[in-house]
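You will see two complexes here that share subunit A, one where it goes with subunit B and one where it goes with subunit C.
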Partner chain A sequence: MKVTFPQMGNIYLAAKVLCEGLGIEYVIPPQNSRNALNIGSLHSPEEMCLPFKIMIGNYIQAIKQGADTVILTGSCGPCRFGEYCELQMNLLKKLGYNLEFIVIDMPKDIGIKELYKRITRFSLNSKKSKYKKTKALLDAIKVMNLMDDIEASAHNLAGYEKIKGNCKSLLNNCKTDALKCKSPLEMINLLIDYKHKINHISIDINKNPLKVAIIGEIYTVIEPFSNLCIEDKLMDYGVSTKRKLTPSWWIKNTALSPTKLNSIDIKKGSKEYLPLYIGGHARECIGEAVLAYEDNFDGAIQIFPMGCMPEIVSKSILPTISKDKDFPIMSLVVDEMTGEAGYITRIEAFIDLLERRQKDVLLRC
Partner chain B sequence: MYYLGVDVGSVSTDLVILDNSMNVIEKIYLRTRGNPINAIQEGFKILKNKYKGIEIKGAGTTGSGRQIASTIIGADTVKNEITAHAVAALDKNKNVRTIIEIGGQDSKIIVIKNGVVSDFAMNTVCAAGTGSFLDRQAERLEIPIEEFGDYALKANTSVRIAGRCAVFAESDMIHKQQLGYNKCEIIRGLCDALVRNYLNNIGKGKEIQPIVFFQGGVAANKGMKDAFENALGFEVYVPDNYGMMGAIGAAIIAKSYSEKAKKTKFKGFEISDSDIKSKSHECEGCSNKCEVVKIYENNNIIGYFGDRCGKWSNKLIKINENLLA
Partner chain C sequence: MKVGIPQGLLYYKYHPFLITFFSELGAEIITSVNTNKEVLDAGVKYCVDEACLPIKIFHGHISFLKDKCDIIVIPRLMQLHKNEYICPKFCGLPEMVLNSIPNMPKTITAPIYASSKRKLYYWAKSSGKLFTKNNLKIKGAFMKALDKQEKHKTGINDKKYELKVALSGHPYNIYDNYVNMNVIKKLNNLGVGVITEEYMDTNLINTEAKNLYKKPFWTFARNNYGFTVNASKNKEVGGIVYISSFNCGIDSVIVELIKDRICDFPFLILKIDEQTGEAGINTRLEAFVDMLERRYEIESNISTNG
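What follows is the complex of A and B.
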């Protein structure tokens, strides 16, 4: 068995640690690129959303490197993500690839027995002891938490840094170095080291940068290729950004969901405008918009793939929040486009708008 | 003292020269025709012959081609269209509350509160109802685009046309033609449909309050102005230089910048004689595989575009620093 998984933000680092800890063979698909998108959109249904297309590209690239098993998280929610695994299995079978899918779903949807069965199917190939297996899992979670922390610090501190571009280059170096690590322990130590470095970057605390919250559909906000690297762009503009949806948030949220103690702040924030779960992360999007306002952010940017049902619902609610609270929110829809001109115009105009609300001047001409 | 504004859009490239009190003393409208470099050079040739020896104190660019334009002409300021349009409208009338701007590819709404842009929206993934679509319909009906609006005003009734999608709209128009409606009625129906699309799509959730300015190339179309007024129930103003507002805004922004900086990077109108070329290649530096575009002026590299990590564009900054040192 040689496992692979779709690329999504920094998950590949945690997956690398997990597979190495378990002693399972794995393939990391190449970083998302136009190539993956081209392969994906060639084989996917035309009206399908962007994440699906990129994932298909990932699988086919990974198959060429010998992968035969895909690990994927599932959902039985009303959003079409719930059907991804079935559709993808059929699609790949039609293309003549024989791929096994292991879909990790919530116990409330498939039952704890079924979940256990699926997990054992994955870990059966590992000859490690139970203790070592648990340790591998914990290491992977640790790596994910560390990486998300580093990324969050970099995005936040980019607005305060004394030397422009420091945060961005440190973050990029961190990712490149982490991929080169030979063992889980090495990567954890490296990440701790980088976490220290990024938190001690020279900053100017008197600066008052614009603060923008990134909200929206989880795949497109986490995966930089799909959102045309919006966070990198905002770092270049010297804007502090914050994104609540991260892989580590997702794990924590999923683990806590049976107890209903998950994301209490988001639930509270969204209560007035969208008190129900309608699938996807629509409720989170609304809740985060309200939280961003309460946390004195200057604005929020919603990102979602074309045709995403839950996010379309939240897109239609956001103007009401924006009006009620006098809080600027912009929606960006991403699709197969890689020509960025129009996209940059929207981001720049939004930053201009926020800046002029702060003070009526023309900066960054 | 004069200021230059350049707006490189998808359909047109506009150049304006403003005097010190922000009066337009020259405006040039050119078709971009998919080649912004050529269009800019063509415009500069006209300016060079007409304005020998005048001093340009500042130059600004805007529009989707603003980056490439700024590299070529040596602009002091590079601003997005939304800010540029708002700046130009506010310079005309301080009490503007809403700007409707419809250009070649994009339509926008800009909401202004207390003289500051407070909200804006742009068409998201669809360009139905923009200048290019009207252009294409005018061509299909064999009516000069300048007269398109007059046809709409001649109609007695409006025919219902599907406005959501350009492809649907076109086939709907063709079906209505086959049913025997005349051109005027169909064109009026089209204008109504596009306004409906605009208000439902771009203007959704935005308060449109007077004074409303209608800008961009499509504002030339009287049928569209009329349809907007019918739908909104109050007058919509089309400013004198409706098609040039982006370029005017760019020039005003350049002025406010260069007054502070007291210098300009503008290279002069002579670049119309330069040999400007672009070459692209795929960078193999990392898995991003960015498509990097190089701009050459007389075989010297003057600009890099498209690299995410800054590997190429930073190179140029270093070269410039060395030149200055």
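What follows is the complex of A and C.
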């Protein structure tokens, strides 16, 4: 068994640690690129959302490197993501690939027994002891947390750095170095090292950079290729960004959701505008927009793939928040046809707007 | 009090319930007009661009009603069956409407869980409180409304045609004749009868849906998939016509699942949105019916001697 998984932000690092810890063979699909998307959109149904298409590209690229099993998280909520596995299985079968899917669904939807069965299907191939298996899982979670921390610091400090581009290069180096690590322990040490480095970058505390919150659909927000590297672009402009949705947030949120203790701040923030969970991350999107305003951010950018059902609901609510609180919010819709030039123009125009508001040029004249 | 009930989305299926319930409570009912150009235009004007056609039309109906009544019912239909949903947009419907249309009157937006009588009664209780404090009266109105709903039958099963097609899709696309440009009448004029999912045994539909790897969590996905796949096995029906609105997230999944299953059975997908032209729909229907007729003739010409 040679497992693979879709590329999604920094999850590949955690997956690498997990597979290495368990002693399972794995293939990391090549970083998302135009190539993956082209393969994906060639074979996918036309009206499916962007993440689906990129994932198909990932699988096919991974199969060429020998992968035969796919691990995918699932959901049974009203959003289309829950149906991905079924369609992807059919699609790949039709293309003539023999691939096994292991779908990790929430226990409340498939039952704890079925979940256990699926997890053992995956971990049976590991000859490690139970202790080592648990250790591998904990290491993976640790790596994910560390990586998300480093990324968040880099995005935040980019506005304050003394030497321009410092944060960005450090972050990029960190990712490339991490991929080269041979063992879980080595990677954890490396990440701790980098965390220290990034938190001690020389900064100018008197700077007052623009602060922008990135909100929206989780895949397009955490996968840089799908949002045309918006965070890197904002780092280049010297804008501090923050996003709440990360893989580690997702794990924590999912684990805590049966107890209803998950993301209390988001729930509180969204209460006035969207009091119910409607699937996907629409409620999170609304809550984060409100929280960003309360944390004195200058603006927020919502990103979602074309046709994303929950985000369409939040897109219709965001203008009201923007009006109520005098808080600029821009929505960006991405799909395989998004052109980079138009996209950059809109981001630059939005940043210009925020800059002028900050300097009070037009506001009170 | 004047209660406005918009004729959009699932109105075609559940209007007896809503109308009976509120009129039993002593309200005056005002329903919006059948969908027409003004309704559609108002919907397109107010709704976000990315939404699908039925949602836009629903916005149009609300904007038609908003100055004509004191309170508007926006049915936030969460569940019809246990562990099943309709679509995220249905769950967030009141938020979409209230944040898109200015100067709205009061609204009833309590979530509707229709998976059991008891859960549905929660909705009735909270909505009925706006009209009367008498719990008995609410209960009476609720029982009467349920009764009316049970007696109400939708669905089409044309008998007198030799050639028949299964008409599949979401109810609000099938029964709204403005949106689908009278597709049923058009088919009938071409000499083709229509059968809809209400005339198929629910057990058959459910067993078919059980063959899927993942239990469908959308009610319409289960219904449409089960119905269409069963119809394709059925000798009674010559082909399938599926009415789908452009950019419908659920249809993008169901259509693929169906295609995967029925192989080369005749299957026509009519995509509709606010810019669909009638001529294009006519051409496609005629071509499809021509093809079905030819298939039918060839099949009946086969010699019985083998």
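As a convention for this text, the second predicted complex is superposed on the first by the 358 of 365 C-alpha atoms of A that agree within 3 Å, B and C clash if a C-alpha of one lies under 4 Å from a C-alpha of the other, contacts with A are read in each partner's own complex, and residues count from 1 in each chain.
One rule holds in what follows: a residue touches a chain if its C-beta (ideal position, glycine included) is under 8 Å from a C-beta of that chain, and two chains touch if they have at least 3 such contacts.
A quick note: this is a predicted structure, and the numbers were derived from the prediction, not measured.
Colleague: Give one of first, second, both or neither to describe whether A:294 is in contact with subunit B, with subunit C, with both, or with none.
Modeller: neither
Colleague: With the two structures laid over each other on chain A, which partner does A:193 touch: subunit B (first), subunit C (second), both, or neither?
Modeller: After superposing on A, A:193 lies clear of both subunit B and subunit C.
Colleague: Where does A:272 make contact in the superposed view: on subunit B (first), on subunit C (second), on both, or on neither?
Modeller: Neither partner.
Colleague: Kindly classify A:306 by the partners it touches after superposition: subunit B alone (first), subunit C alone (second), both, or neither?
Modeller: Both partners, subunit B and subunit C.
Colleague: Should A:333 be classified as contacting the first partner (subunit B), the second (subunit C), both, or neither?
Modeller: A:333: touches subunit B and subunit C.
Colleague: Does subunit C touch more residues of subunit A than subunit B does, or is it the other way round?
Modeller: Larger number of subunit A residues touched: C.
Colleague: For A:319 in the superposed arrangement: first (subunit B), second (subunit C), both or neither?
Modeller: It touches subunit B and subunit C both.
Colleague: Tell me the contact category for A:348 with respect to subunit B and subunit C: first, second, both or neither.
Modeller: Touch partner of A:348: subunit B, not subunit C.
Colleague: Considering each complex separately, which residues of subunit A are in contact with subunit B in the first and with subunit C in the second?
Modeller: On subunit A, the residues that contact subunit B in one structure and subunit C in the other are 306, 316, 319-320, 333.
Colleague: Which of the residues in subunit A end up touching subunit C in this complex?
Modeller: Going by the criterion above, the answer is residues 45-49, 74, 76-80, 82-83, 85-87, 89-91, 94, 103, 109, 273-274, 276-280, 282, 306-310, 312-317, 319-320, 333.
Colleague: Spell out the residues on subunit B that touch subunit A in their complex, using ranges where they run on.
Modeller: Result: residues 60, 64-65, 76-83, 105-106, 115-120, 122, 124-125, 204-206, 253-254, 256-257, 286-289, 308-310 of subunit B touch subunit A.
Colleague: Enumerate the contact residues on subunit A facing subunit B in the complex.
Modeller: Residues in contact with subunit B: 30-31, 33-35, 165, 172, 229, 232, 306, 316, 319-320, 322-323, 328, 331-333, 335, 341-342, 344-346, 348-350, 352-353, 356-357, 360, 362, 365.
Colleague: Please output the residues of subunit C touching subunit A within their complex, sorted ascending.
Modeller: 47-48, 50-51, 78, 83, 85-89, 91-92, 95-96, 99-100, 111, 212-218, 221, 247-253, 255-257, 260
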